[in-house]
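Here come two complexes built around subunit A, the first alongside subunit B, the second alongside subunit C.
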Partner chain A sequence: MDLRAGDSWGLLACLCTVLWHLPAVPALNRTGDPGPGPSIQKTYDLTRYLEHQLRSLAGTYLNYLGPPFNEPDFNPPRLGAETLPRATVDPDVWRSLNDKLRLTQNYEAYSHLLCYLRGLNRQAATAELRRSLAHFCTSLQGLLGSIAGVMAALGYPLPQPLPGTEPTWAPGPAHSNFLQKMDDFWLLKELQTWLWRSAKDFNRLKKKMQPSAAAVTLRLEAHGF
Partner chain B sequence: MAAPVPWACCAVLAAAAAVVYAQRHSPQEAPQVQYERLGSDVTLPCGTANWDAAVTWRVNGTDLAADLLNGSQLVLHGLELGHSGLYACFHRDSWHLHHQVLLHVGLPPREPVLSCRSNTYPKGFYCSWHLSTPTYIPNTFNVTVLHGSKIMVCEKDPALKNRCHIRYMHLFSTVKYKVSISVSNALGHNATAITFDEFTIVKPDPPENVVARPVPSNPRRLEVTWQTPSTWPDPESFPLKFFLRYRPLILDQWQHVELSDGTAHTITDAYAGKEYIIQVAAKDNEIGTWSDWSVAAHATPWTEEPRHLTTEAQAPETTTSTTSSLAPQPTTKICDPGELGSGGGPSAPLLVSAPVTLALAAAAATASDLLI
Partner chain C sequence: MALFAVLQTTFLLVLLPLGTYQRKVSSEPLPLTPESLKVSINSTCQCLNLQWSVHNLPYHQELQIIVQIQISRIKTSNVVWVGNYSTTVKRNQVLHWSWESELPLECATHFVRIRSVMDDAKFPELKSWSKWSSWEEVDVQDSLGHDTFFLFPKDKLVEEGSNVTFCYISRSNQNNISCYLEGIQVHVEQLAPNVSTFHLSRVPFVRPKGTNIFCDVTQGEDPKGTILYVSKVLEELKDFSCETRDLKTLNCTWDPGSDTALEIQPSQSYTLFESFSQKKKVCKHRNWCTWQVSQDSQEMYHFTLMAENYLRKRTVHLVFKLTHRVRPMTPLNFFLENINSTNATMTWKVHPIGNSTFLCQVELHHDGQIIQNKVFMEMNGKYLLSEMEPDTHYLARVRCAYGNHFWKWSEWIGRKFTTLEAAPLAALDVWRNVKSVPGGYNVTLFWKPLSKFHANGKIRFYNIAVENLDKPSQFNLSILAPSNNTALILHKYSYQIRVTASNSMGTSPASVIVISGDLGDKDIEEERVKGTEDGFSLSWKPQSGDAIGYVVEWCDHPQDPLCGLQWKKLGPNTTSTVITSDAFRPGVRYNFRIYEVSTKWIASLLEKKTGYSQELAPSDNPKVAMGSLTSHSFTLSWKDYSTESQPGFIRGYYVYLKSRMEQCTSGFERTVLSDAPANCEHKIDNPEQKTFTVENLQPASSYEVFVTPYTSTSKGPNGTFTKVTTPDEYTHMLIRIILPMILCILFITIVCYFKIQWMKEKCYPDIPDPYKSSVLSLIKSKENTHLTIMNLKDCIPDAIEVVNKPEGSKTQPLGIGKSLTETEFTKPATYLYLLPTEENPSDPGPCVCFENFTYNQAASDLGSCGHIPVPPDAPPSQLGLLNSPENLLKTLEKDYTNTLGEISAGETSLNYVSQLASPMPGDKDSLPTDPPVPAQCSEYKMQMAVPLGRASSPPSEDSSLSSIALLDQGEHYR
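And then the complex of A and B:
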């Protein structure tokens, strides 16, 4: 029996392609903003807020999954969940990312993660869990909007999904409950790691765009690197 | 050339002589090294000698009592650390050295204590280890680092022998690190391992160069400055936040301030005139734990100079100018022994710092005595 842990991701990836085409609402709702500086700060603050929220949410959800998922020493090999966006990156590559790429990677990661989280929500057993997940999804949507706002202020286009990048999904036997839980575990782990990475990403962006920097510098940033 | 041949001949003869000498005055073989467990019993045979051979045992050159012997074998009960040494057995009559044992008394290793920390995030981390109880004999340690299934190199620290360093090959990893250590010596073996996420071991070194200064004209303020630890490689992209604590030396309760940026802070609620002790700790803004407290800085807030000391300083100056004109006359009179004989004028010379009135009174008294 071919139990592919990625099957559930395939299903959700399919759903995600649908959601991709819904435009994300930019955070900027007024003209004449003083550049992306305040938006970057707001985005940074949102990642901190979400990371804090995730801590309690993950604790509750892992307890719901039960052992061994809620054990602190649980250290499974990373199998399956291949379509999850991975935060891990070579240190030199991360350092040398240009602003556009840095923001794009964040945007794409959270778009996928949000989609998967919504799938999680549909399957969650208790009403309380569904409520917490729904709340988190709303906050995550806000983060996405905030990132989109920064990108728009800098003149970067929002990433569009390329056709054929989603994994081909062939209907197969429903894989086991355990593997499904493993997928959930990795989703939460990856989400937490992305939030930590984003804090560092936005720190770096913040330093590059000091409030004193004139609009001219911003234009250079947008078109240069 | 004819010269080398006799030289070679001499060399061979010298070597042969040395071998004969060694065989007569040194043991047949180098001392056998033996490790035994503390508290155990051991029986040392005298090399290949028969059980009933007549031998004498010595430890570090000192004779051992015959009641420790079982035939030609030395029996030691309840080994203590003091039993470590060079044991030699000699044929009793010829004093020929038959056998030597270098005995080391020790313990097998207990579970080692292992910890890892990143004070140079995102460059890398280090792991250090030690044994909670000594073994008294040499130990070898072996460290392996796994990141998921990948083996990572742990480079030995050039200065510290119980520390090694790992470089991060990936940042923001969801896969845990597993560091295992095994320790072994002649008496046993032990091992332990720890598993952790990249973020949990981040702990910077304490801030450096913490300096506290009083603020002029502000009796309740102290200005504190410090620097980010020099080991933190990238404070720009990985900013640190700081925690300051301070208290007057005379109190036990600390005041705390958390600072999200900047390397300076002004304390505005210091008790006037009291010496303060101040320390700072650092932490990455988002991940890891707080550093240890920095070296303490001491400072006392600025205090105003008290006014009354300034006016008193002026008075003695006027006194000296007045008394100097008066002094010569009474002094010459006082120092004349004949004059003193009749009865008591002031014999002590006038003090320069005395107020004007006292000086005049003394002079008057002397003058009145003289008139009598």
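And then the complex of A and C:
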């Protein structure tokens, strides 16, 4: 391959441009650090695993509550359960969320849901159900830690719980046990929706992190010159 | 009248003030009238709580009163409950009373009023009801809130089997509301314009999380629901018992029954209360509780166990003396010592309880059975187990009870062990099977293994000592257990055989058998015995009178090569026995041999028996061969049929005959049984008769025959009938004539075949072939090289024979010019001599002419094949063209092919003229001088078909000699 003088200058200019932009790629800012990509992937995988695990747990628990909660077509409008974090969001709003806000919402939601779930576990009458709930809580705790890891990798601070806002699972005197069962139903349903949303969130984050990998490839090619 | 009016007015004036007083009295409150009635609602228990006081009691002392309470629902006139409440009251005392409503109180307005009456004989003046209090209204609907729908009661707790009424208040549309119990819609009744109720009867327990009742109010709203907690009924406490193991701690146990825990109700709690000490303990466990025995030597205890949940309490009492509830702890340090073949010593210790003695029980088990059982006051914790069997597994165990007062045994403590072996107790049961072989015997010894009782341990080997009684000698054998037989080959002497069994501790007594030098096989007739399901009952007659016993021998599996030899030894005074075996099967023949054992231990055959435990029907039918068939009889034969291999003794045979005749033939009887395969049967009672002749049959008739054997049980299986057709009466006569004839013809044919050459030579010899003629060799031998076989082309015709049938002239075409043949028609034939025959025309030439009359009958009528003279005036010019043989042949062939198609059938006949070979061309010149002998030239050389019709036509230049046969000088043979 013979290079003319003009070509050499062009290549040099290209190389300089790439090198100039390399510091701007977050994934390349840490030497030897693989970046948040693997963490996001692991978080995504954990989310899918929890989705699968919840399907089994919810079936058992809703049977424990009895009809109508375990009926497949039971789909009441959510009017109560105000304290539960809502997973449903307008698609445009969801798309416009930045990474930090997206991750913060996930972290906060699972913090609350985990707390409620532990309350559920305390009330469960059967040992088998308690074991299943405890296992799921452990997995959910793992997801929370994973999200915290991604946030730390991206340099985002963890949200601090406001004092006195720790969610509790003590029904008030006016709160009937039927409504309590409704809350349990909504907790499981909301948890399911959150896991589904999180899978979307982390998939989006995963895709968003891919350009950094392209940059690495580009750098390697340039180095080869 | 006036007087009456005055009196009336006066009376009224008197009464009026009295009535005024009365009214004044009645307007004052009566002393027992309830006051300050207040009614409130407790939603949890759906109770109306009433509170009132009685201010105006006339006395300061406490009084017994009865309070009547009236409760109405929705409106005052709708009284739903009236009842009395008896209590004591003091002046200004506030009274309380509660009423549980079936209908949730939130769903309807309730009204309450009360009145009271003195219930004390000391105050008879107050023995009338006070005034009713005013109606007190209770309505909580306004305080429910702003929701449009309410369902009551909320989270109610009831026992299983209760009846519960639910109600709902709907402030919107009532019609679209459906309510469900665990997903199943319930029937709702309207109680008031906005209130509806539904009733659940005998509610069951569903789950600890409660039974869900919910109502679909409207689309887009949460289902409104409530939970009915149905608790299992707290059961009566059963099996409450307390005992101590050390007089320090009491352990009380009971059967807790089912758990009544629900989401809103914990499991029932258990509390132990002791009355004498007034101590109470809440039990942590569901079915047991410990109680520390007080140090103050309390002897009597009165316990009350109380189980309790939100809905019910159960109690049970137990009074006992502490020392009467002592169950010692499990003995310890249990050992088995000095174990030998029959004895062992067991030792143990008991946890001491004060200075008390203990009652102990010792058990010895073997194979799950109690062998020994002993109860005694324990002195030193030692017991000798005796009378055990050698080499046997045992379990020894002990337990103890409190000696002062028996309450319960402690748990067992024990150990398994095995006693040591001892020498076998009994002699082996030995039998033999002797088979004579050239020069000696094959003796197979069999023995039955010793029973566990007699073996006293594991038998290691069997010892066999064989002693020759005739020539003093002995040899020993050892057979390893568990073998149970051995084979010996002995000479023809008498032997004494002693068999013993050995284990690790010793040898059994010997079992003796003597094999005599003379087997003394006797021809004993076999006797049949009838077996039953219980076995074979055999009996025999003693022979010698000094027998020391008898042996019955048989095979369990007689069809197997190994046979499974069995024997049974019987005492000298026994002459009958019943042989039983699990191996006996129906339909199998068992052979029994009964031996008598002499004082010299020699067994000699006494009797033979054979029989079946159960006879069965024959398994197969004989294959019947047919023979001696005549028009009136035939013979059946089944000599190959084995009666021995049948599953029963063959008693005879049935012969069945089917025919179209209505009557059975003589010897056969008509059967009436439906299972008979044919209507005519003949019974043969002798099983050895295996032939039968069916007689008196109709000639030329079809019969079907079938033979089946029978046993005492039944006949043989159904089989196929054999068809037999009797021949015609004359058939056999015909056979007697035709058969010899056929044989004769066959003989003649064979003879002819072998003598065909001779026949041929005699009847139709071969036409001689000149080339193969012996003349040739003769010629050669004479070295006459000029003599040879004539070839056709070398044959020069010298005469023409015109052959004509006499009637052929009639069909001769007319108008043809006169020719040389015209004048010859009167003659039968004319010869034209083409070659000069000056010397002698009648001499035979070198060629001989044959006429084949097979093809010309007309010609054959001529009767001769001799030369027919031709008129000498025949013009030679006509013949000149034929001088050359080639030309002549060409002409002939051409003419022949042309004329063949022109001759009509019937008008012509063929006259073949044969020509003998003429001399070789090279010899043409010498032919006249030396003609061959006619006899040497008598073969066909060539045949030509000559149309006769044309033969009579005058020859023209073109067609010249179409009907002329070319002849050389020679003879005509017929």
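Quick notes
Keep this in mind: the second predicted complex is superposed on the first by the 166 of 225 C-alpha atoms of A that agree within 3 Å, B and C clash if a C-alpha of one lies under 4 Å from a C-alpha of the other, contacts with A are read in each partner's own complex, and residues count from 1 in each chain.
The criterion applied here is as follows: contacts are C-beta pairs under 8 Å (C-beta built on N, C-alpha and C of every residue); 3 or more make two chains touch, one makes a residue touch a chain.
These numbers were taken from a predicted model, which means no experiment stands behind them.
In the overlay built on the shared chain, the residue A:Q160 is in contact with neither subunit B nor subunit C.
Once the two complexes are overlaid on the shared chain, A:P77 sits against subunit B and subunit C alike. Legend: residue contacts after superposition of the two complexes on their common chain; A:A125 is shown touching subunit C, with no touch to subunit B. By the touch criterion defined above, A:K200 reaches subunit B but does not reach subunit C. Subunit A is touched at more residues by one of its partners, and among subunit B and subunit C that partner is B.
When the shared chain is aligned, subunit C comes close enough to touch A:L65, but subunit B does not. Within subunit A, the residues touching subunit B in one complex and subunit C in the other are 77. Against subunit B, in their complex, subunit A makes its touches with residues 48, 51, 73, 75, 77-78, 86-91, 94-95, 186, 189-190, 193-194, 196-197, 199-200, 203-204, 207.
For subunit B in complex with subunit A, the residues that touch the partner chain are 122-123, 148-149, 168-176, 178, 195, 199, 236-239, 285-287.
Against subunit A, in their complex, subunit C makes its touches with residues 154-155, 180, 182-183, 206-212, 214, 220-223, 225-227, 261, 263-264.
The touching residues of subunit A, counted against subunit C in their complex, run 64-69, 71, 76-77, 79-80, 123, 125, 176-178, 181-182.
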